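One chain, chain A, links the two complexes that follow: it is found with chain B in the first and with chain C in the second.
Right, the complex of A and B next:
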């Protein structure tokens, strides 16, 4: 297995680390944001920051779909789950996500019929098997998951499953990156682009980041060596004065993405004028709703929703963490009031959330007293 | 839900046209291959499976590397495989 050897190769990682150090210009620091929660997970699990020179810091971005669900949407979903005859379905990741009035877990304990599924197609199957119940799939995820929801709705329409609907919460990565680029409190030198999202959208949609914001972006795979290679490529671009979109993950990501998946999204969903992201506030054109033609499958039209906006708890600093302004351990409640068992914020819920990843794998001594994000907070034990 | 899991195509699953039988981590499951329409697929090919849908075709080398990586993840991977085992799409 050449790839296994290659990608598990400690020598290769060491060579890359040396190459990264060599590409750093003396006296300059570099901050790169990894947009995807999967990357955040790898970085903490493998202690990648430990292999980077002090000049290079990794800033964790908003790319964990569970983390960005606003509390009001969880409450809306719980409200639907409480309606007569409803079976609410969703991914297991969502079970513990807190809303203003509690989580799915709490609602389930209180008697609501909430079932965890692996695929939206499992939810459709439940609908077919329970024609006298109303089955709702709470859809979450970035462009990676949206095509699966879209394909499922197309199936439901083709087969005529009237008791199935989707509570659509799909979000899109490009508007989130743009919001971060436009936010004044963050200095970034480049991006490590998401892998599986790019398998759907391709590499072209990132072009504006290089063109308009003059920041390089490298679409990266999930293994430690992939991430190190991407950092090396980003530094290479900066050293040569280039700003481009590069694809380190061509093994999975075709440059043009997956046209069938994009077409399915385009048929079934439409852009929302704006959508609230937990911690980041409202971002224009950043999420998908069901299209008019599929209104019959749109839980937002089938049910009356309270639609109440719930402010994040005051103690929660997820917004700063999601924007990369704060490191997880700098949040006041990190590891004390907020843990994976009793999460206050969403970043602590999913294993891909920055707070949970750090809580589970953090094995470095951290110096809380040192400067803002962008500087290095990791001191080796 | 964010993990893509490699699976090896076994053959058509019968029933809906978009369904194929895929072996994932020792379990055979029906997987929807509708997103790979227009691509040539043969038994023995590897695909990356995401929430019941094959999202992209990958090489066997890549599949083995991803599997090794996923196994190293521990709990999140086990949770995903458990969810997949419980899944029975049609």
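Right, the complex of A and C next:
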């Protein structure tokens, strides 16, 4: 794992931490949002906040695909899974996501045939192996996973697999960032831009953030050194009075993105007029549905959907957490009624959700650790 | 007290509340070995069967038999385990040697010399007899290697589709020959935490053998009998200096150490850079979004020992072929009680929580 170790090196991390501290202007605080749940996961998994001075805080954004699925869509999917002859397939992260009427895991225990897959192609394979069953793939994710869904539908069409369909819940990152920027109760100094999404869409779509909203953005990789480097670059822009889109993750992200992937999405999917996001409400042109030409593979047309709309539980403050207005631990039910074992909100389910990451990895204040654990006496409370 | 501290204290109280099973039906999460399994065991089984021998919920029960005028006393370790691994055959082992080694290891964790096993088989209609022969042969070989005898058993056959080929339950009895006081509740501040070798190989090998991923890697299961290496450790550190022994099966090292931290009301502080993981296991875990700390081992154990004798413990482990790559991976601290912390390789600190449900791969 040498290619990874290089980006987890403690000496490099310490050097960057010193550089970050040096770039902070005395008396000023900085709040940067990491948009992507993968970054949130890295930050907590490696304890990266220990390398940041108290002046710099990281705000966790909405880029966790599981976290933004509204409860009604989970209920619709559970409804499909309950139809005769259906095999529902889903990524593992989704199994514990609560809908209004329970989760996939509960529906599975009650008799529905719900199978975990690692790729939509696995779902297509199940469809080919079970021609007398109707196999549905529960598609979720940002532009990162949409291309593989699109490619799978193209293959299903080419090979003629009539018993395969997709329940499409793909969402797009730019409208979500715009919703955050337009939210009145948030003060941000810049963005750590998503890495994998950008590998598909490129860096150009972020230009409006620097131009119209005057916030710098650095597209970042997923290793600890990547994230610290990006924070260092953001502080550099602010110190020099610049406001640009920069690419720290050039080893993976081409500036123009991946035209082949974008073309596949364009062929198979179309923009929805609006789509509900968990906690964020309806956002215009923020999600993808199956295109007319591929209606035969669209679970929303193949099945009669109840189209359930379920209000988020009143106690759940996922919306505020997703917008970065609340820290996970500031939610009233965090860690007591809502835990990874019995999540109320989606942010507690996926390992990329801010609440799950904080609960699993970050759930202690630095000043509680004495002796071998705590040379540092930093409390972030 | 800061607001965050108050929240954290509230969470700690919630974590220590009496477990309640909220689900109406058993889900796969109840079998993962993590939090849901614990909850189920405590809220259903412990509630129904409660007695002082069961209550500590260790890997096996310690039975103190005999006494009286002649003063003949025997201390027995007694344990049982069921094996439902799929596929039945995987690189480095099969369900047969797993069923022997797993139960032998539970006895070893009680400080016992394993002696006798029982074996119960639930076979699915249609299982090739040749497969069963292979499984029996590998059980025989594993039993011979571990110097135990399979002295009683049972066989049932169920209809096709009612079992996944073959399930095996083994029960074991061993003799505790040394004056040990091993317990998950015995860890104290200042103790050292050791692991007997590289972790996560068994879980990674079985996951790859399932063929769900198009990943090829030369990973073989670590399944092995551990009583020999344990005996060496107990001889090197007599007099209660070995506090706790736990084999890191379902839920992995992270879950076992969380149980120790909770039972002993101490903190366990791990050094990420010191934890031995084979590079190919690290690679597979990276690809699947898993953390090796939660991946099952079947031939590795965690030992908590008196911190003043950590080096001697390490030498004793390394003196045995199954402990050649043993390592000191952390220490026991007083605070924060009932928690496991990890000093990450990159220089941060984080919590290591008990496994919740299956280790689910991340999707992006």
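Here, the second predicted complex is superposed on the first by the 358 of 381 C-alpha atoms of A that agree within 3 Å, B and C clash if a C-alpha of one lies under 4 Å from a C-alpha of the other, contacts with A are read in each partner's own complex, and residues count from 1 in each chain.
Rule of thumb we're sticking to: contacts are C-beta pairs under 8 Å (C-beta built on N, C-alpha and C of every residue); 3 or more make two chains touch, one makes a residue touch a chain.
Note that this is a predicted model, so its numbers are computed, not measured.
A.B. asks: With the two complexes superposed on chain A, say which partner A:106 touches: chain B (first), chain C (second), both, or neither.
C.D. replies: second
A.B. asks: May I ask you to decide whether A:200 touches chain B, chain C, both, or neither, giving the answer as first, second, both or neither?
C.D. replies: In the superposition, A:200 touches chain B alone.
A.B. asks: Once chain A of both complexes is superposed, is A:303 in touch with chain B (first), chain C (second), both, or neither?
C.D. replies: Neither chain B nor chain C is touched by A:303.
A.B. asks: I'd like to know which partner A:258 touches here: chain B for first, chain C for second, both or neither.
C.D. replies: In the superposed model, A:258 contacts chain B only, not chain C.
A.B. asks: In the superposed arrangement, which partner chain does A:208 touch: chain B (first), chain C (second), both, or neither?
C.D. replies: The answer is neither, since A:208 touches no partner chain.
A.B. asks: Tell me which partner touches more residues of chain A in the superposed arrangement, chain B or chain C.
C.D. replies: The partner with more contacted residues on chain A is C.
A.B. asks: Would you sort A:120 into first (chain B), second (chain C), both or neither based on which partner it touches?
C.D. replies: first
A.B. asks: Same chain A residues contacting chain B and chain C, which ones?
C.D. replies: Comparing the two interfaces on chain A, one with chain B and one with chain C, the shared residues are 1, 4, 8, 37-38, 41, 45, 65-66, 91-93, 116, 118, 122, 140-141, 144-145, 196, 351-352.
A.B. asks: Going by the contact rule at the top, pick out the chain A residues touching chain C in the complex.
C.D. replies: 1, 4, 8-10, 13-14, 37-38, 41, 44-51, 65-66, 91-93, 95-96, 105-106, 108-110, 116, 118, 122, 140-142, 144-145, 196, 224-225, 329-330, 334-336, 339-342, 350-352, 359-366, 368-374, 376, 379-381
A.B. asks: What residues of chain C sit close enough to touch chain A in their complex?
C.D. replies: 2-5, 7-8, 10-11, 14, 22-29, 35-36, 39, 189, 212-213, 267, 269, 279, 282-283, 286, 289, 291, 331, 333-336, 339, 341-353, 356-358, 360-364
A.B. asks: Going by the contact rule set out above, which residues of chain B touch chain A in the complex?
C.D. replies: Per the touch definition, chain B meets chain A at residues 1-4, 16, 18, 32, 34-38, 48, 50-53, 55-56, 58-59, 61-62, 64-66, 68-69, 72-73, 75-76, 79-80, 83-84, 86-90.
A.B. asks: Provide the residue numbers of chain A that touch chain B in the complex, in ascending order.
C.D. replies: Residue list for chain A touching chain B: 1-4, 6-8, 37-38, 41, 45, 64-66, 91-93, 116-122, 125, 128, 140-141, 144-145, 147-148, 151, 155, 196, 199-200, 222-223, 251-254, 258, 260-261, 264, 351-352.
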